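Listed next: structures, encoded as structure tokens.
Each of the two complexes below includes subunit A, the first together with subunit B, the second together with subunit C.
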Partner chain A sequence: MSFINTKTKEVQVKVVFVGPGRGGKTTNLEYIFSRIRHRIQSDMVSIKTQGDRTLFFDFLPFELGAIKGYQVKTQLYTVPGQVKYNATRKLVLKGVDGIVFVADSAVDRRENNIRSFENLRENLGFYDIDLTTIPLVFQYNKRDLATQGIPILDVNTLESDLNAQLKAPSFTASALTGDNVIPTVKKAIAITMVATRDKLL
Partner chain B sequence: MSYILDQEQLDGLEEALTTDLMTLGIQSVILIDMAGNVIVNLDNGKVSHDVYSLAALAAGNFGAVNAMASIIGEEEFSLLFHKGKSENINFTKILDDFLLVSIFGNDVSLGYLRLKIDDVIKKIKVLIDPKRLK
Partner chain C sequence: MDKNANDTFAFDLENRLDDFFSDSLSRPDEPSTVQEPPAPRGRPLKSLKSTLLAIDWEITDDALAAFIGQVDALEGPYETDKVAHTLLRMLRSLGRYVRTHKANAHPDTIKRIMAVYSALERAVDDQLSPREKEKLLSAEVSAFRQLKQQIVASRAARPTAAPTQQPSAQTLLAVGAVIRAIHDLESRVTAELSAIRKDLERLGKS
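Entry: the complex of A and B
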């Protein structure tokens, strides 16, 4: 639910990182926070279980700079990935403007990626949001696993599992090392801003 | 839903919240939407909260409470209140998509505050009538 404040010349947009549990969504936000913490006033907010899994959401607000005289305030959220937390996952998606789907590249996580993506489709449907129209970027995370000898899915397989019809922008990445994390979020914000501008201005 | 509020609407919201609530001596009042966006943020000049984090948590909290309401067969809990040692927080839903968050000390009567919130909500509903939103 993007909001344009014509008095303060401010645009607020909500971008949500979704994907299977333990796929690296929170690690993405932690890396982004580590890169921008010197220039933002807010802390990253995390609501976690005792076992350090995301229970409700992580939240990171930051200012992107100005576009056409409007200051862009981006609110980054993650959702809990575990199947059992669907009620809270659905709540965080309320008012979403853009999505980053963080897929796990490990071979044994393939089914989890597909199930999580189907769950996203269902949850967006609850808010009458169509996956084919909402700004969406795929991130194929944990590419660094290959260096540890852990088998990973090739990009063609991930694309065909998740992105065959949508043809959304996609990035291979390693949230742990920060590789391609910033380009992923930049792309997500850029296409979200284009959609917001088309809708509102 | 995406929406724009113009200068006249935002001025009207600020005026109503200042006149009806801030003059009671409350610490701060924040009007947010259910996506966690901050629409109006007013305070008494003595506090500096992280308003954007507060808004995200308030929207999530309210959403969670409403989900609980639905599980026990209630349509919604339209009003939510947390009491602290010296500061308290009151949440009131406005229309389907907005939430008024009032933070106030023990020197402010909750009953009177709720009465004033009822008054200000009538004004807010006129200003952010969905028919007026782009």
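Entry: the complex of A and C
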């Protein structure tokens, strides 16, 4: 849940990147960090296994600056995508204000995307959070695979698999090259902040 | 936030996000063309603030070492500003206490660190009059002293809460280490307090 301190005029929002394992959540955060690192004083915290997989979570805190007199602090998190780490995923989702669902565009990952999304729905349910009400952005990642001759899912298929009912904002992207990574996070922060503002009114 | 003030919220937010993630920023593999703006007053506290945010998230040895290092580094620039200097010394003392006692540190210590930092931010702000700064410092010193008393009281309460069964040699050794650490802290806090008192006296005279 967003932290709002009316006395010190601070707002803190938590946006979590979720999605199937090896989908590019950490790559997203690494790209964002590489673009803003000279602007922020904090570091990206990452806990990985030997095989370079996210073991616990990645964490990137930064201050956006003042909006309407409030200092806005943003915390970006990723969760481990591997099925076996569901307890950690659930834990990181505690107090979430906004979500970026990073789907893998590779054709053979279609089932994983759907399962991961269902898992997200269940985990949010644990905290009584409804997927239809929480700020959510879809990112259809790894579009660059097509240039390597690897078959990718078309956007309509991804939309119908994941976003048919929610009609949330969505972006095609390549976290590896950085394509559309910044628009994704900007959108996620924007809709999360607007929802936070609405809660205040 | 009041409703009227938020009519342009989305617009301001969009602008802020555009500025923050501006495409004009250099990429990491490109030579930087962004010129550093001249350092305004208060900017030296920026790194300290980020470290504090990290501590607020998770207390690690690295974060505490960075915190103490940054406080030490700030003492030079604020040497002539007695209020800021005293607050910095309080921060250092509290930081060292947490680093020494880790999970056993008094639960209010981190809150106190945040409060002292907040006072420091206000103290380096030129908008406060010397009298207001003095008042601010005085309040922080009282709170610091109160925390110290609580720490000493909790130390005194500990032996009575000991279990009735005979403690093992290992437990005795551990208890001895804790008592030594408390004595060490007490003498450190006493020294800090006496220095702070002297500073306050000097401030009162000036």
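The rule is simple: the second predicted complex is superposed on the first by the 200 of 201 C-alpha atoms of A that agree within 3 Å, B and C clash if a C-alpha of one lies under 4 Å from a C-alpha of the other, contacts with A are read in each partner's own complex, and residues count from 1 in each chain.
Operating definition for what follows: contacts are C-beta pairs under 8 Å (C-beta built on N, C-alpha and C of every residue); 3 or more make two chains touch, one makes a residue touch a chain.
Model, not experiment: these values are computed from the prediction.
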Combined model on subunit A where subunit B meets subunit C, clash or fit: clash
Touching partner for A:Ser34 - first (subunit B), second (subunit C), both, neither: second
First, second, both or neither for A:Tyr77, with subunit B first and subunit C second: first
Partner chain in contact with A:Lys14 - subunit B first, subunit C second, else both or neither: first
First, second, both or neither for A:Met193, with subunit B first and subunit C second: second
Contacts of A:Val92 with subunit B and subunit C, given as first, second, both or neither: first
First (subunit B), second (subunit C), both or neither touched by A:Ile182: second
Which superposed partner A:Phe3 touches (first subunit B, second subunit C, both, neither): first
Contacts of A:Arg121 with subunit B and subunit C, given as first, second, both or neither: neither
Touched partner set for A:Phe59, first subunit B, second subunit C, both or neither: both
Touching both subunit B and subunit C, residues of subunit A: 8, 41-42, 59, 61, 73, 200
Residue ranges of subunit C in contact with subunit A within the complex: 1, 3, 5-6, 9-10, 12-14, 16-21, 23, 25-28, 32, 34, 46-47, 49-50, 53-54, 57, 118
Of all residues in subunit B, those that touch subunit A in their complex: 1-7, 10-11, 33-39, 50, 52-53, 56-57, 59-60, 63-64, 67, 97, 134
Residues of subunit A touching subunit B in the complex: 1-8, 12, 14, 41-43, 45, 47, 56-57, 59, 61, 73, 75, 77, 87-88, 91-92, 94-97, 196, 199-200
Contacting residues of subunit A [partner subunit C, same complex]: 8, 34-42, 59, 61, 64-70, 72-73, 182, 185-186, 189-190, 193-194, 197, 200-201
